[in-house]
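Below, subunit A partners subunit B and then partners subunit C, in two separate complexes.
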Partner chain A sequence: MVGWSGRRKTLTILLFVAPTLLGLLIFSIFPLVLNIFISLTNRGKFHPNPDCTQTIWKIVEPTCWLGNPPKGLAEPFGFQTPVYQNYADLLGGLFGRAGLVALLHIVIALLPLLAAWYLNRRFDRQLTRPVPSWMVWLGGLVGVFLVSRLADVPGAYNTLLRAGNFIMVNIRTILYVVVCMPLFFTLGLIMALILNNRHIKGLTFFRVILIVPWAASTVAIMMSLVWQFFFRERGTINQLVGLLNIKGPAFLNNSLWAFVIVVLVNLWYTYPFFMVSLLGGLQSIPQELYEAAEVDGASWWKQLINITLPLLRPIALPIIVLSSLTTYKIDAVVWSLTRGGPIAGAGKPGATEFVMLHAYKQIFETQAYGRMGAFAVILFVMLFAATLYSLRITRITKGAYE
Partner chain B sequence: MKKVLFSLVGVLVVASLLASACAPKATPTPTPKPEATPTPVPPTPTPKPPEAKKVTITLWHQWGGDYLKAIEQAFQDYMAAHPNVTIDLSKPEDTANALSVAIPAGEGPDIIGWANDRIGDQALAGNIVPLDDYGITMSFLEKTYEPAAVRGVVWQDKIWALPESQEGIAFVYNKAMVDEKYLPTDPTDFDALLAKAKAFYEDTGKYLVCNQGLGNPDAYHVAPIYFGFGVPEYVDDQGNAYLGTPEALAAAEWMVKFSQYAPGETSHDICKAMIVDGNAGAWWTGPWAIADLEAAGIDYGILPMGKPFVGIKTLMLSANAVDRGNAEVALDIMKYFTSGEVQKKIALVNKTIPAPTGAVQDPEIKALATLAGFGASMNLGVPMANTPYASAQWGPVGDATTALWTGAQTPQEAMAGAQAAIETAIAGMK
Partner chain C sequence: MNRPPTLAARIVMYAVLVGMTLFALYPIWFAILASGRAGDRLYTFNLAGMFVPTQWTFENYRTLLYETSFLTWIKNSLFVATLTAIASVSLGTSGGFAFSRFRFRGREAGLILFLAIQAFPGILALVPIAQILSAFGLYRNHWGLIMAYMSGQLVFATWMLKGYFDTIPIDLEEAGMIDGAGPIQSFVHIALPLARPMLATTALFGFMAGWGEFFLANILIPAPDARKTVMVGMFQIANEVNIPWGQFAAGAVLVIIPILLVFLFLQRYLEAGLTMGGVKG
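Let's turn to the complex of A and B:
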């Protein structure tokens, strides 16, 4: 295997990776670059076409490449003045005085949780804990509750909601993720614990049945429409309560109900993912640990808290992070359930108009390409950071069994 | 090897399924045509399309339901008379976005069948071309079509489309269900309509009328109410919005009261199901719904109520037709389809209001009850503008109306929000 000159080797390697590089360039890098350029312009319904005489658009804009650019009556789009205007429109409200003060209030309200975390770490280092960890956490939560009353967190929340549609949909989406995750995990864990019990008859049958929603998520839109039919004004639920002579509400016209329904349906779709993953985790926990605990006289609950949950951590963390990211980006399920509604008024996002739905509506209904280009860039930065962080978590937890 | 074969076969099967799904619907079985002369003669001496060359003309349209059958028949007749021409009808899901992608790529249709309010933004984007360059003159337009239809297709002194029919909505009721005393007598008296809806609801437990713009964002279907209360237009030619006016507020407050006696959630399909199943006495709708009502065997009457939008359905010539060299054939089809003869035949089946003068003046058409009903409503109506400003109205008015209908906003908040949203959109355009 001699005779490989350095240059030839490099060339061969380059040729081998060329198809991948080309694909990356065409399908990942180029759209990203084009989007960044568009996010600096006023491209939209009223300025849809590029000015192909300008060098920059000749290079990056595909409609200019074919030699037959669209010729409409509209003025071509151009760069905004200042060039970052779209970004300022989206994020401006957050960095104003009111926005910063509101953010500060929310951060202060979360301090007790930080304190609880710090206290727990200190107690862990002592030989005997003065208070159990759950009590510290509970204290932290009570602290959050008290401080948020003092710091007027609801007022701060409302200030942030008024700071712009981008911030509003982001806060709602994060709230949605925060509400969903514990529910996903708890239901998934309960189901996994039940299915892990070898004494149940017909275990395989139940395992298959309980995974059905996951399989159904391949036809998510259709299933969501079925769910929607349950909750319509003249849907299944209202027809049933109608038998009792009660006139049910139009659930999807009420912001709170719509939010609850979207959580519920997503819970139905997602718990099998948690269940299956956690079941795998449960089965990899050595049985001897439980036997030893039983000899020591530990109750079922003590075993759950001290053996099962800590050993599930390496499985649970990555799936929670992963699921948080996909929940943040949820679109089709919510779209077919509520279309982002109920409608809150002209130019205001609805209660379930999460990030992706908002982007979809702004792009395909309002055709605000420039502003939504900026939206996409900001979202990309946020999700990229979240992904990097999740990678770090997963790498750390990898070592648990080693 | 076997695996490869299998997957190949699989791909072929899927492809053929897709192809058959995409293929134009099989023509309805050769119906025994009552008309004596099936040969459709184009009304004007048209430049002969190149006979030998085979041409396929794609037409993207908005026609749906039972409405489409008579229209398809008209195009079948054209193809029978011109064997070298194939007309491919299709109805894309989301026409606006589909066009903005397809036309620059050269994959768009040759003809676009759309309402005249889209002329402005399609001309801005360069998706359609003015017809003046292809021998259509103002004198031809004025000679052939009704004056309102002519106004609807001219923008910035250029002709952008040929008008096919006019449409507007009216109070279409089920005669078997709604007594005389519940029917609106004065199309501008909304207090009486409210009282009658209340009485009907209390007497029968059913809704008097289903309007798909109340409980569903749809600025078009609520237009009769806003305009009936004296709002001149949502947006005018200069880009001024009229949602902040006292008239708009009065309309909004009326709607809040009316919501107690009307379904909370609506859509075209919900309203259709309501009137067919007898849960609503009337449907505030347009000529396109008539074919469905007749299929359901409902004996209907049509009354004017409020001041609806009067839209002109048109055929536009796409920029792609010019690039492909199909412009002349496409224009010939457009002229044929918007001619008096063809529109008369369609109107007799579909109960539409034709745009060509020749069809409107026809005694058979004049005798149609639907024409009288919808005509009376449209006489009160407000013509739909074709400026690009018009496209700024739909979203805000629809959303604001839905928000006040569900109680998410007060009438004041909703109208102020709509006004602000339209002004922002128009400022972005100027």
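Let's turn to the complex of A and C:
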């Protein structure tokens, strides 16, 4: 802006930014900092209160600020020895011999995909591709399948599951994201392709109707309870199946079924987001390309593979990354459907207990706040890194459009 | 992809559309049906009753509204959600304006900070937030819950408004400057009136977030019954031993349908909000 500078400028900007910053400081930034301190202590059920005579807690612990700190018979909490003990508890299993070997097995099994990616990059630089890219990817997937047989990936997976609850819920959640994304994308793309066809009648009507689940996701906790009633032991599905004289299973008490149901219901909530975004992408593809392909006699399938999908990439990549993040952080849907269950044994997370639910359940169950703090800090670092990465992808793909 | 589809393709496409419409709407329709069913049953044993209302009654709605705490919960939720909306917009607007219009040291850092906060879900910060609130006597208190919500919504509101101010041409404000308006005047008299639609939209998003949130509300206001929000209250109803199905369904309808309407109305702003990570810094 013109005509003002120096101290007045600084003051004005401060005046503008102050309300926002103050709000964030109290309830976003300070909890983060406090979390880091908590994560280094043995705070929990047996050591609930701070020792307010120590300078450090006088400064960071809010319950010490007002002069009447909480008192109890229990010992106050203090720093762990070594100070990073909580982090070691959570991640230790991963860095043991067995954990590293298992990780190595999984990485080896994923090598064919890397090879496919590399091959595709090489082919892209050639004038004529010897093999279409989807075939290379398919080959990569087959390779992963074959190698995972050889490298005993299921065994490695089970080893990792036993390497501690934190690692277990993380692996399960990542598996969940990996299962969900192709489904979200495929259904979203199919619906977007249909809605992009001008020869279909009632497009506006369908477009509005089909995003209703997205709207329902703002009250996911309630809506998922409604969904849960379909899958109860005497719920709607089993009632329908009962008409055929079959006794349906108790879906939510079976690990595999529970997982499938959580995927299905999340598909219901999420496909509209993919549909709407991909529809926007489809509409930005110039029609001339299709006309030219038509002249060359390219089939519908060829047009999809060679024009639509490559040109959708700048839209598809950011939404997949974004949606992976939200799927990783899924909470309300699963909480209503399964409460993280079914549980395999005492002290073990349930089959659908994804990271956020695990964190939430710890508040009631173990009440090991120190370890939960470490949990939160590790997750924060992971999520922040992923967010920065997604921002980078969005920027790169934006560049592709301009 | 331009040519008219063949008859077979057309039939397939309509079949998919109709199938997906059923998939999208049936759960909600199911809740509506169950809410009008007499007796304490969620399920009906005749097939027709699963698709059309056979014996409709408003009994469940009457019981829910007059004989349970439902109305109190609704009132609590309305209070919390409205204040969350107001607080997040009023604290976020000036910040959004500053980040859009001014270039200053720490601006980039501020934008990164927003992303960092956005990456940190509220559930993970529950323990420290509960400590802060109990230190100030705001635990089990609506004001505490509002503050906890507000901080989460604030980042969202600031991003949304910054993005919107970015799209308003600066020329008007420059014209104002030439007439002698300072930055504060140009904010209050020029930018704010122009941003009115976005202020309303952001507020509505804040409202919806406060209305639908469960986890923080469940921990920060665990009791008494009269202070709970509607999500916590309804979740509790759905997990009782003898679940009053019809009442639960009636409550679900009353809580979900208004939000659906608001959302469909706001649809076109959604993409802007959801891809906010991509707003250029």
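To be clear about the criterion, the second predicted complex is superposed on the first by the 382 of 402 C-alpha atoms of A that agree within 3 Å, B and C clash if a C-alpha of one lies under 4 Å from a C-alpha of the other, contacts with A are read in each partner's own complex, and residues count from 1 in each chain.
In this section, a contact is a pair of C-beta atoms (placed from the backbone, for glycine too) under 8 Å apart; a residue touches a chain by one contact, two chains touch by 3 or more.
As the structure is a prediction and not an experimental result, all values here were calculated from the model.
Given the touch rule stated above, what does A:299 touch, subunit B (first), subunit C (second), both, or neither?
Touch status of A:299: no partner.
After lining up the shared chain so the two structures overlap, which partner does A:186 touch, if you call subunit B first and subunit C second: first, second, both or neither?
The answer is neither, since A:186 touches no partner chain.
Once the structures are superposed on A, label A:284 by its partner contacts, choosing first (subunit B), second (subunit C), both or neither.
In the superposition, A:284 contacts neither subunit B nor subunit C.
With the two complexes superposed on chain A, say which partner A:27 touches: subunit B (first), subunit C (second), both, or neither.
Touch partner of A:27: subunit C, not subunit B.
Could you say whether A:63 touches subunit B, subunit C, both of them, or neither, answering first, second, both or neither?
Both partners.
Given the superposition on chain A, which partner contacts more residues in subunit A: subunit B or subunit C?
C
Should A:243 be classified as contacting the first partner (subunit B), the second (subunit C), both, or neither?
Touch status of A:243: second partner only.
Does the superposition put A:255 against subunit B (first), subunit C (second), both, or neither?
The first partner, subunit B, only.
Once the two structures are superposed, pull the subunit A residues common to the subunit B and subunit C interfaces.
63, 66, 234
Enumerate the contact residues on subunit B facing subunit A in the complex.
Subunit B reaches subunit A through residues 94, 96-97, 100, 103-106, 121, 123-127, 156, 215, 217, 263-265, 270, 319, 323, 388, 391, 395-397, 399-400, 402-403, 406, 408-409, 413-414, 417-418, 420-422, 424-425, 428-429.
Quick check: in the complex, which residue numbers of subunit A touch subunit C?
1-4, 9-10, 12-13, 15-17, 19-24, 26-32, 34-35, 38, 61-63, 65-66, 190-191, 193-194, 196-197, 199-200, 206, 208-216, 218-223, 225-227, 229-230, 234-236, 239-240, 243, 268, 272-273, 276-277, 280, 287, 290-291, 294, 300, 303-304, 308, 318-319, 322, 325, 329, 331-332, 335-336, 356, 359-360, 363, 369, 372-373, 375-376, 379-380, 383-384, 386-388, 390-391, 394-395, 398
Given the complex with subunit B, which residues does subunit A contribute to the contact?
Per the touch definition, subunit A meets subunit B at residues 42, 44-46, 48-49, 63, 66, 68-74, 232-234, 250, 252-255, 341-348, 364-367.
Which part of subunit C faces subunit A closely enough to touch in the complex?
1-5, 10, 13-14, 16-17, 20-21, 23-25, 27-28, 30-31, 42-43, 45, 47, 50, 87-88, 90-92, 94-99, 101-102, 104, 110, 112-113, 115-121, 123-129, 131-132, 134-136, 147-148, 150-152, 154-155, 158, 173-174, 177, 182-184, 187, 208-209, 211-212, 214-215, 219, 231, 234-235, 238, 245, 248-249, 252, 255-256, 259-260, 263-264, 267, 270-271, 274-275, 277-278, 280
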